[in-house]
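As structure tokens, here come the structures.
Here come two complexes built around chain A, the first alongside chain B, the second alongside chain C.
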Partner chain A sequence: MERMKKQNGTEDIPLFISRSNITTEINKTGSWRFARPKYDEKTSPCSAACPAGEDIARIQMLANQESFKEAVHTILIENPFPAVCGRVCFHPCETACNRTGFDEPIAIRCLERFLGDFAIQESMKLPPEKLPENGKSVCIVGAGPAGLAAGYFLTRLGYSCHIFEASSEPGGILRWGIPEYRLPVKILAREIERIKDFGVKINCNVPMSQNFLKETKSRYDAFFIACGYSRSMQMNIPGDQAASDGLEFLRHMRREEITPLTGTAAVVGGGNTAVDIARSLVRLGLNPIIVYRRRKQDMPAFKHEVEMARKEGVKILELFAPIQIEKTGGACFLTLQQMKISGAETSGGRAVVVPDGRVTQLRRVDHVFTAIGAEPTEPWQFPPEQGPETLHLGHCTFAHRDRPLMFGGDLTNPIKSVTDAIASGKQAAMALDAFFKKGWDANADRLAPYRVGSGPALSMESYLKGEHTSRNRHIVSYEEINTDYFSTAARVLSASLAVDESVHSFLETEETYTFDQAVEETYRCFKCGICDSCNNCRIFCPEVAVVFKDSRRVIDLNYCKGCGICVVECPRNAMALEMEI
Partner chain B sequence: MEDCQIMLQQKISDKDYMYPGHVACPGCGAAIAMRFALKALGEKTMMVIPACCWGVIAGPYPQTSLKVPILHTAFATAGATASGLRAALDMKEDTETTVVAWAGDGGTFDIGIQALSGAVERNEDFIYVCYDNEAYMNTGVQRSSATPFGSRTTTTPGKDWKRSRKKNITEILAAHRIPYAATASIAFPEDMIQKFNVAKQLKGGTRFLHVFASCPTGWRIPTEISVKIARLAVQTNVFPLYEIKNGIDYRLNYKGDRPVTDYLKVQGRFKHLTDDDIKQIQDMVDEDWELLRRKMENNLVT
Partner chain C sequence: MKKVLEGSHAVSEAVRLARVQVMSAYPITPQTHIVEALSEYCSNGAMNARFLCVESEHSAMAAVIGAASGGVRTFTATSSQGLALMHELLHWASAARLPIVMAEVNRALAPGWNIWMDQTDSLAQRDTGWIQLYCEDGQEVFDTTLQAFRLAEKVSLPVMVVLDAFFLSHTFEPVDVPDQDIVDGFLPPFLPRFELNTDNPFAIGQMAAPTIYMEMRHSIQKAMERVPGELDQVEQEFAATFNRRYGPMEAIHCDDAEVIMVVTGTAASTCRKVISDLRAINEQVGMLKLRMFRPFPTDLIRQVLGSAHKIAVIDRNFSFGVSGIFAQEVRAALCNYKGHPSVFGYIAGLGGRDVTPETLEEIYWKTKSTDKPDAESIWIGLNPYSSFQSRSNS
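Right, the complex of A and B next:
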């Protein structure tokens, strides 16, 4: 090459340096690989613990991205009552939360409440996805949470539903058995309204009887009985007619038909009803004491409720059972038998108690309320124990007589909670649909593919899609979370009324999260088992082999050497490494 | 400080200046280091690579694995070549392009230190990156002066594991009073990219970055924990993350709180160590940490 002399006196000197002219892309290094990473979404423990099988990790993720409408839809497809459950659910999801191993569980219930209230504020409708109408109609007995849920889910599956309710308004225990300070009527009414708008017909003031069922039999293709436990159990002790029926008392409160009371009161029982009565009495200005025959820790009432009651001044007398009530003048004299522990129902379970000799206590109170449990009002409401073509499905019982007859809600649920009632409505709807489509024999197995984790919760979303849950059923454990990607942070607490304020009114004691609080709390969530697009897999890939295809991340197996860094660095176990040889 | 890892994704550029198909071992930390570095440095960058793993990863002739120009050069000459490249660009009045010398620990701690020290003493205007995998990995895991106390290599095998301490290269460079010297780790992408951004901005003098890059092959670790190990090195204070401006202004970026045994016990190169040996290493790490802490406290710049 000829040397060129430039004007400034310098020369261009040819450089004899070899220059690359192709890239390394021609080396298909994927052939080195013997293990293959893949995106593999798994089940979060909260979802598996939720009776309604809500996809909680995804709901948290969507809320975190401030996609509240999508988050609400994700709840509604599995549970039409987020504002109710966000208030009254005993949140088994939080007990199962993996974050407990790190600092404190996520306040899942508070977020659900926030989203529920958001949906009400925004007048959101139920998601419209429905299967085509199939011409079949179902009669639902009882407009409690189970009946309403069954109506909602069956409508979604293409059935026409009629709900019959004996009382004047729908809602069951939610309408008549839970005090205003825990669940305002207007919140409940809005969520029920939404179900009506979806096409569920509710007929109130229709007294329920076996006769009614016989008369209407020919008009319906199936029946769902969910009339709940509405009759209080009796103490069967001398003088028990002096005691007031606790459930009746709560019903009166909900009707705002309460005669003024004063003085002291004893509430017999240890369940949520007992606590609801006691806390309501405090608000009316009384001094209540809860009398429970087992220990405080054995009370079936939710721990949080017991704690709130205690803060509001409710006393709890444990290991005493009433054996006699004498009414003298205006006062009741309660004879209480001391109880002692003789064993445990299961290891670590509730104590079994027996009378402790002759030790008794006499207590003078102005009123006595009973809340020792409830039962169905009439024998036909009991589900059959066994028999040909009787199937116990976990949340409901399916009896195939001349018509399919299903029992749900408190009648069949081992845990008598609102969310379990909703779960029974969903299970009944899916089981009935499976029955009509595939016949009796297929029933038990037909629902297995739609389980969330190991069940019994079912996913309506995957049932509607008619495909197996896309997610791996494996429930993510705390050890599988890469905690290096999280820092400890205190649980965001929702504002609540001060005790001296709360005891003077029936206003809600707890407030709904603010927008900022809701988002802040979702940052704490591990989002176990689901991809939240954190991009770690792509960031750390030494091969530049995680690429976007149609805005989804995919692994380019032409180049992936199978090192597995993406799988380990995934903070939430949404990937897996599979051996190829 | 600890939060620097969380939500890193939003802040990291999605642009890559590296091609797939390069021939680094599976799980190579040095490959990850290059990806991060170029995300900060961008297109207007020229690389000078002496003999090291990256001499191979950059592609055999006629291939290249980078979207920026690379000048392959002799083992001892990264500092000198980068100086020359800078001078050539200056003559062409190209002040925009960043010159980066990209060398392994052998080419920095041992073989290239003369050229490096010379260039740094002249305060040449380039970024020098030492990606440190703590031995001559490319040629078969021979010990270097970056190999830590306690490590086995093919030249410190069996019971003759290395009994001298790792040379503190960052302090040596800081002692030249250059504008910027910092340590970085592939397990802390946001921190690392941020440091490359700082280095890129500080034109006019030498910027030195000591990048911890794990090596599954040489360290005898499973490939999938390559990043995790790099993170453990920081979490145990074996490799502290810090910056030094003008040789005197120290800033610590992360405070580790885990025992060194968490880092050592998962690596094949350390598996022969007894509890006493590990105790000795813990003492060394604590001593180094204390020294660093004091330098921070006695910062002459406030």
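Right, the complex of A and C next:
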């Protein structure tokens, strides 16, 4: 105890209080400890659900700090197509979002689109980090999302890549199968351009054949076959030649080579292609009806797309299957068989349907389009089912013949989405690299450390940096979030064209977030498992044992008594408490 | 610039102009408007300060104690139950010698629930070591708040600025609100005599053995004894800038008065009119408005009241089992004074009941017509309980 220092002209006023001459630093409270807190970043459920394994929580954090360039880099290291995926991805990340337990999921896709467009606006290049060139070259068949992704990731890993594409321009389904109002060609072109600038060579107008592969075999160290499903399946019913090929129709639309159509149209199928065709037909002035043999809720098309189609006036006829088409004059008479659910379900959870007696319906339409699925054009494009050295990885098939022969994209993916195709390219690149470095036997195990969460998505970032940098694979659950630190807020909606406008044009129906919208939405994100420097650990530590060292937070174990308050007060489960005994 | 402000906003404007750095409060009627405005100032950038939202008044006081220990200017506000909940930490704030300023809006304690004017909440904290200043109108609230920071920081003791619920907190009056630079001239930045500092860590407020505790308490009293003089100096400087001063108390017509009425808060305004009316009919009456209750201005009380015949103390509070608290204090101040006057204790206006000119006149005539008080406390305007019972039975 001592008298206090004197300052403000009041020194003669008695001030006699207890004050220590030394600090409490001599009391090393760390000696009381039997449990130790540590910074332990974990996997967010959105990342684990993202086929491309994007580090979404960190991307949200960076965007929140308005470090958009870093946020873009964080995406690009895992996915070279943010502007594309920000438009067409079916966003399983949002379905997995922990915020759903609180109010509404974060609009992750909208932020990705904002960042993708930001990168284009700023003419950002792909992150330059590359492994040294290893002298090996890879032949990639098909310049769709899987082939382009494989080229991109292999180049990053030091390979030289040649992509061969049968059509006149790269992009595959993105270029030829998705209508302009969902994905403008110029956006796609910019993202492909970026991949070319990175060093991937793309040769278009080169139709591939088995012979070509044989002839070029000696020139390449490996092959990646990802030519997609470009041939529409046939209905195989009487008169089906009167029906137009839906994919072909979409291709014509993308070439802007469409002959004017009028009247009514039936689109047979329930997938995204059927919906894309129907919505395009609306824009051409037709009245389309989707005919689907199962129920509406069984449609494999994305719910949001189906909803938009209905708003735009597309009718949906469920539980009817075409059994005959008769073309008379200019019109098609479609005989439809009524179907009923059998009670069984497919492995994908869709109802199995069977004909409902002899009930049929006759429908007159001006046009019929088929969109009941697609398949590869040539038998050699199918991946081998099994073989002595055939490995089915989650997103690709690795056949070890005299050279590594890999199959990916729609040919192997259980979910035929753009983001899964990108995941396929990445997995193939990493598997191939692992093979060249460690041999065949090490392959499956060698990729395990780079899984995001429980997989199958892989992290290129940790593959490049090495095993020890991998994030804890524990997926943060809603119960592990300290929701006291969050308040409910409505999801930020991006602007969209009014339906009466959208049906008259091929302009994008949805707009990109504004700067303010993007930042506002990131405030809602829990940033599950990621330290966003909120400083709660330091503020709440009773011993002030959280200190800064080289501007990073570290725990001073001389004073940390292991109370665990920091771990409990961490809003986002980016810390853990470990027993020391 | 003159503004029409409610009493609550006279406080919040003064706090804004005082450049307070850390505030913490828990809302309670009738204090809410004060902290509502201040939290708004923090969010809209009108103040460069932190407003700490807490879950109770106990935590609010703890938060400002922490901030003040760190050497910054602090403020909080509360009322009634909230002040009662702070009780433990009120002792801490004063004994730790922290110059915290608090606005306390006098409100009745429950049960029965009552949000209206009553002084028992603040008077029940009289032994906590806080300076207490009671205000009469909006301008005085504004001025006292500004003065409170100067005073608190000079003597290293916390100050409670007390204002009546609704009669003052929610009543709009013209208040002169000066520009920031003028206030800055009167109230320089806080220079703490001690502050916690992580670069040079030490602990304060720890163990004090019997060998030293008494001296520490004595030191608080010594600082308290300096308050009248320091307040006078603060008021001189304040008057030089703003041309207004209030003093620890104000005596009106006391020199030749036979009966002096002792009042506090807004009742003083009512009393001014009553005195002037009674003087007009040649009644020898005076009034004493008590502004500073802690420290209690014993010497001044003796000087002013000593020569009168009778003193009528109006208490809008009550200490159960004894009397009104102001009456108690006045009696204590006078008891050792030779030939001291009779002190009549009147209890009026509890729980928001009006104290009207008629109430005060009744008190005057009662005092004048009685030789000695026939009871320790005389309750004014008390209705028989039966009048309420019969109503509820019907």
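Operating definition for what follows: the second predicted complex is superposed on the first by the 554 of 581 C-alpha atoms of A that agree within 3 Å, B and C clash if a C-alpha of one lies under 4 Å from a C-alpha of the other, contacts with A are read in each partner's own complex, and residues count from 1 in each chain.
The rule we apply is simple: a residue touches a chain if its C-beta (ideal position, glycine included) is under 8 Å from a C-beta of that chain, and two chains touch if they have at least 3 such contacts.
Only a predicted model underlies this, so the values are computations on that prediction, with no experimental measurement involved.
Engineer: Thinking of the overlay built on chain A, is A:N558 touched by chain B (first), by chain C (second), by both, or by neither?
Structural biologist: first
Engineer: Touch check for A:K186: first (chain B), second (chain C), both, or neither?
Structural biologist: Neither chain B nor chain C is touched by A:K186.
Engineer: Could you tell me if A:T24 is touching chain B, chain C, both of them or neither one (first, second, both, neither)?
Structural biologist: In the superposition, A:T24 contacts both chain B and chain C.
Engineer: A:L15 in the overlay: touching chain B, chain C, both, or neither? Say first, second, both or neither.
Structural biologist: second
Engineer: Who does A:K214 touch here: chain B (first), chain C (second), both, or neither?
Structural biologist: Touch partners of A:K214: none, neither chain B nor chain C.
Engineer: Would you sort A:L577 into first (chain B), second (chain C), both or neither based on which partner it touches?
Structural biologist: first
Engineer: Of chain B and chain C, which one touches more residues of chain A?
Structural biologist: B
Engineer: A:N536 in the overlay: touching chain B, chain C, both, or neither? Say first, second, both or neither.
Structural biologist: So A:N536 only meets chain B here.
Engineer: Which chain A residues are contacted by chain C in one complex and by chain B in the other?
Structural biologist: Touching chain B and chain C on chain A: residues 18-25, 544.
Engineer: Quick one: which bits of chain A touch chain B in the complex? Just the residue numbers, please.
Structural biologist: Residues in contact with chain B: 18-29, 32-33, 484-487, 533-536, 538-540, 542-545, 556, 558-559, 561-565, 567-569, 577.
Engineer: Quick check on the complex: what are the chain C residues that touch chain A?
Structural biologist: Spelled out, the residues of chain C in touch with chain A are 95-97, 153-156, 191-194, 198, 201-208, 212, 215-216, 218-220, 222-223, 226, 230.
Engineer: Could you pull out which chain A residues touch chain C in their complex?
Structural biologist: So the residues of chain A touching chain C come out as 1, 4-8, 10-11, 13-25, 544.
Engineer: Looking at the complex, which residues from chain B come into contact with chain A?
Structural biologist: Those residues of chain B that touch chain A are 2-3, 5-6, 8-9, 12, 14, 16, 18-24, 26-29, 31-32, 35, 59, 61-65, 70, 186, 189, 216, 222-228, 231, 235.
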